[in-house]
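Please find one structure pasted underneath; my questions will follow.
Chain IDs A, B, C and D follow the sequence of writing; residue 1 opens each chain.
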Amino acid sequence: MTQSALKLINVHKSFGPAKIIQGVDLDIAKGEKHAIIGPNGAGKSTLFNLVSGLYSLSDGEVQLNGKTISGKRPFEINRMGLSRSFQVSNIFSNMSVRENVRCGVLWSLGYGYSFWRNVGNLKEVQEKTGHILNEVGLLEKANLPAALLPYADQRTLEIAITIAGGAEVIMLDEPTAGMSHSETDRAVALIEKASKGKTLLIVEHDMGVVFGLADRISVLVYGEIIATGKPEEIRGDPKVREAYLGEEADEIEGASA
Amino acid sequence: MTNIKRAVLAATVSVVALASAATADVKIAFIDPLSGPFGPSGDAAFTSYKLAFEKLNAAGGLNGEQVELTGYDNKISPKESLVQLQKAIDSGVRYVFQGNGSSVSAAIIDAVSKHNARNPGEEVLFLNYAAVTPAFTNEACSFWHFRFDAHADMKMNAITDYILARGDINKVYLIGQDYVFGEAVAAAAVKQLGEKNSAIEIVGNELHPLGKVKDFTPYIQKIQSSGAQAVITGNWGQDMVLLVKAAADSGLTIPFLTFYGGSVGAVAALGEGAMGTLYQVNEGITNLEASPEQYALIEEYKDRFPDYDYYYHRAFLAVDMLKAAAEKAGSTDPIAVANALEGLSINGAYGPITMRAEDHQAQQNLYISTVSDDVKYGVDNIKLGWKLVDGGSVSAASAEEPTTCKMERP
Amino acid sequence: METIVFSLLNGTIYGLLLFMLSSGLTLIFSMMGVLNFAHASFYMLGAYCAYTIMGVTNFWLALLLAPILVGAVGMGVERWGLRKVHANGHVAELLFTFGLAYLIDEVVKIIWGRTSVNYKVPESLDFTLFTLYGSNYPAYRIFILFVSIFMLVSLWYLLKKTRVGLIIQAALTHPHMVGHLGHNVPLVFMGVFGAGCALAGLAGVIGGNYFITDPAMAVQMGPIVFVVVVVGGLGSLEGAFVAAMLIGILQTSAVSINASFADIFGFLGMTATSEVGGITIASLAPMLPFLMLVLILIVKPTGLMGDREV
Amino acid sequence: MTEVSINPAALGPTASAKFRERVLPFILFGMVLVAIPFFGPSRTTMTLLNHIGINIVFALSYNMLLGRAGLLSFGHAVYLGLGGYFCVHILNWIDAADGGFWGNLPVFSMPIFGFAMGAAAGAVIGWPSCKRAGTAFAMISLGVAELMSAGAFMFDSLFGGEMGISGDRMAGPDFLGLSLGPLADVYWFIAFWTFFGVVAMFAFTRTPLGKLSEATRDNPERVQFIGYNPTRVRYLVFIFAGAFAGMAGGMSSVQDEIFTPENLSLIPSGAILIAAYVGGIRYFSGPIMGAIVMTYMGSNLSDYTAGWLLYLGLMFICVVMFVPDGIAGLVFGFWRGVRSPNRSEVFGKWAWQVSGVVLMIVSIIIIVEVAFRWSDGYGEVFEPFGLALSHTSILTWILAFVPLAAGVVLMRHAAAKYEEA
């Protein structure tokens, strides 16, 4: 095994008496594309929030590139090289698309909280912003207000902001939720392109996306990981079939196609 | 049709009114709060000046020149006052009346001095009718400032003399608003009582926040447990009304010797409880013996402005003095009038008034009065009114205080 | 001893009045998220309406009618004002009530004049109930005590024992849930806003003649009411009650403390003639609530007993 | 794919657009400032202009919080006040000094000291306040304002009690030949610093921190995940807002030469909130327009009517309810309408709306003025254009309510007619 990029050790989270995450262990190698699936309410988003620092852990530890990040605040974790997207569009709605991405770029280029520079004159920033907009295909809409973008474009912008900082570990929370088939295809292509050479952790409901994208898959049910493995291993796992009753199980079956 | 007729008529009237206004030769500004929470205080005085100047114009004006009085609303802010002052000066005003709030007066004194120094030939006079911080006619005196009200030390002098004369008061409680004016009042009381009779004990000396106390009962309880036999206060406005109201509610019936018991609404709020407990000291009350002309004036005022009572006697005095000074100077030029005002003496309805030359502080009789139901004129539209107390008449000579003013004349 | 007894008694009454005012605001704030800047203006309206009604009929009718009238005005404001602004977010709502406070102040001045009105304690209640340590205790204060407690109990009963109360309680802690229960949310909002204003109006009816009825009464009471609501905690009537009593008693008793900073910090060499040393505890009384406000918001933003952050 | 059709580096506006949008307005603004004295304004106008200048800087600094960072403050005057107080003290030190640093300091530099003091105050007070946003922040600012203005009365040596502290702007050496005695000198002083402040605050919006402050306003949660601490962003913006408010205080210390504790209170804070909001907080130029209109109204409206506070309240409520983008929103909306392709339709709608609004305003003015005169009880009668409108005349009631009803009908008609469009 290569060195792990993200490592979860015995992670617990409870809200009052409700135990949402009950001892999750996960080891994601550098460059791996890892997907987390599981039925609704399994705690996938909670897990994301724990890793990215939005929630604090009740117990356990999270490591990024061998360094402990649990207990740190989201922006500190982000600066250490972990970036995430959100399930619902979480963009800066009153700013233009270009400004959205530009904000995502600033910290990584070392401009911090500076108030003595004109963003318009920062060549590096402009170039990187343009590059990312180009990569995600929003170049032509760069000067539109973000709030006026169509839904699929907002999701794309969400991903663009997430990758803008150049983080090595990228976490995407249901990036294709609510998209049509053709939009999903485009999004998957974008994700593949954007995560080239990076570590990717993705939560997704669309099994086609999951099985097409992931190197390994973990199945989260009731706050516990019941199986981790390569896509073909997961597909055949009886415990997974048990957890996914009915239709969705079939979906997993058929997702290899 | 009638409407059109009426419109034409009204238009004619307004043209005539404009024309008559255009004949005004002397412009006078009244700068005080005319709106907002302190609006009533300013408005009560403004109405007095309105009437006084109407009468002056009807009687031939200021040295033969007609006077136009304009009200400027300063929202009782020193800063806004300076804006309004600037506006007034620019429209040709050379005389400014103001009185509410010592902070405003201080700002105007300062601004007028600066203006007069920076713009020779366009001098402006400040006629202060109510701001009573002693400093204005002592260490901070100015040639451009004249005060027509007795200052805090003089009023306190009358009050302490009255306490001594009564003889039944040995323990006094001081309560006031926590700011420069309240502190000055308390200091004056301590000093004067100490000098005049060390047997009188000051059992409490309290300053409460300005305009913030809603229930004075705790203060009243402190006064009660101190065993005080009288309370001295410089409170004004709502702080005045609420203080005496709380006292009445708690059954505290000792005398309250005040500067501003005559504030609009105080007597009404207290009702009959005010009789024999609420005292004020000022330059004259409506129920003093006076000439028929004075009675007519009081009635005319009440008739014209039913919301208020004839309270600002000094407003009428100030206008009379201005008139006399202009005639004496034979001019309406501010410097000439200022020089004429120095040492000028006229006879007012309740006694003579003299403008002391060395500090520009008016010297006049002071009267201590209390509330009674046996009066000619009530206040606040009820039958209670102010009545002179026995031995409450203080002559100008005995009310006089020395000054430390070193006047710098131009 | 007597100082303590009087402070407690007066503090309790002041606290109860504060609670009556702030309970309405807590309801409004918790459910609708609107920090109603004009709440104290409704308190003022209550006092003025009572004054007018009392002039025509009597105090008891005023006690009944004035709050209803004020509540109706409140409902109108919600229906034709706040509801329109709602879409623009909480800041717009807050600013709307901010402007409304200006407006009510001015309208009151037009209708009732710029000076205080002579709104008196009714004669049937204007007597000395008992004498304590040589000081008379007016019956009207005890009357305030009783009205407040009656209101407190009724409110408690309404919230805990009736169906409407259960809905409101649910909405207090989970404002988004009401819609799912199948209730007409705008109607519930309008009702709550009206009821909150009516409570403020009631406080005005019995507070207006206890203190003074003038156009400045809203401005003076306004900030304190916020303090009570925020210190008490969002969504918590109990918290508002505790905070109101705390502030009532604290403010009243601080006045009776003669100590100055020099007395307290004298061991540090501070003298009474120095500027800081001369400050007395009594003169700090009106500042205490705001100090509490700032500290609470920084240290415990859920307030004393609330379960949500402001 | 359009991958290479656009050069990513040249995404921003073209040089000419930049000039048109970011440089030209300032050149015009500067030219107006320079041109004004050549029209020979009266002293009153000068004073008004000077106050407008101060309020422009103050309102813009306020909008750094409300419009740009989404922080609603009820205590922004605290920073103007502290900056101003500091400068008045310096004026007195200059006056008292015999050479040395203070003796050689031109009064012209006051706003720099105000800026520093405002920043310092912002740094101290902002530290606890900025830990919270939203309503909690608003309440903290309210509490701080109350504490400051009450506390100021306790420290006479610093704040001068209710009298405040005054200074003399003619103290110290002249600068650029300005003695600052005559109002015309003060005008140049104010114009210089207003221009400087406006440019500096516009420049601030273009910095990384300025952009981040907008991002934090829109979505503080997301800001955390692009590597920024929203609390830190707010805190830094708060310091700058305090600093520019302090600068306005420094300008005010020279214009008015006096500061009183009430300058710290809720009243001026509320006034600047209204000015910024009425102007339009979403536009950079909004607070400038708001400051101009509100300063003019606050100073002159009270000359025409006793009901100026009522009009102010009504206007504010109307802006909040119907024109949330403020005056700037109207101005830019008009500009867009003029340039839009279906101009005639837009104009048609406006014609309906404007006539409706005018009718309603006529009604409201009549109602308010008649009510005020009735309330005063002096028997004065409102006589617009020679029409005597007493509260007992039927004509009054007709004039008061018929236009109001007609206006409402017109507005509804406009809304219905152009809804589909």
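Just so it is clear, contacts are C-beta pairs under 8 Å (C-beta built on N, C-alpha and C of every residue); 3 or more make two chains touch, one makes a residue touch a chain.
Everything numeric here is computed off the predicted structure, so don't read it as measured data.
J.: Touching both chain A and chain C: give me those chains, sorted by label.
T.: D
J.: By mean C-alpha coordinates, which chain is most distant from chain C?
T.: A
J.: Taking the mean of the C-alpha atoms as each chain's centre, how many Å separate chain B from chain D?
T.: 37
J.: Rounded to a whole Å, what is the gap between the Cα centroids of chain A and chain B?
T.: The mean C-alpha positions of chain A and chain B differ by 75 Å.
J.: Let me have the rounded angstrom distance from the C-alpha centre of chain A over to the C-alpha centre of chain D, please.
T.: 43
J.: Residues of chain A that contact two or more other chains, please.
T.: none
J.: Could you check chain B for residues that touch two or more other chains and list them?
T.: Each of 178, 209, 212, 307 in chain B touches at least two other chains.
J.: For chain D, what residues touch not just one other chain but two or more?
T.: Answer for chain D, listing residues that touch two or more other chains: 150, 154, 156, 309.
J.: Which pairs of chains touch one another in this structure?
T.: Per the contact definition above, the touching pairs are A-D, B-C, B-D, C-D.
J.: Residues of chain D touching chain B in their complex?
T.: 42-44, 47-48, 51, 150, 153-154, 156, 161-164, 166, 168, 170, 181-183, 252, 256-258, 260, 262-263, 299, 302-303, 306, 308-309, 376-378, 383, 385-388, 395
J.: What does chain B use to touch chain D in their complex?
T.: Touching chain D: residues 3, 6-14, 34-36, 72-73, 75, 77-79, 82-83, 86-87, 89-91, 101-103, 106-107, 110-111, 114, 118, 178-181, 209-210, 212, 304-307 of chain B.
J.: Which of the residues in chain C end up touching chain D in this complex?
T.: Residue positions touching the partner: 33, 35, 81, 84-85, 88, 90-92, 94-96, 98-100, 102-103, 105-107, 109-111, 113, 223, 226-227, 230, 275-276, 279, 283, 286-287, 290-291, 293-294, 297-298, 301, 309-310.
J.: Which chain C residues qualify as touching chain B in the complex?
T.: Residues in contact with chain B: 2-3, 6-7, 10, 14, 113-116, 118, 120, 128, 131, 133-138, 140-141, 210-212, 214-216, 219-221, 252-253, 255-256, 280, 282-283, 285-286.
J.: Can you name the residues of chain D that touch chain C in the complex?
T.: Those in contact with chain C are residues 66, 70, 72, 128-129, 131-132, 134-136, 138-140, 142-144, 146-147, 150-151, 154-157, 266, 270, 273-274, 277, 307, 309-310, 312-314, 316-317, 320-321, 324, 371-372, 375.
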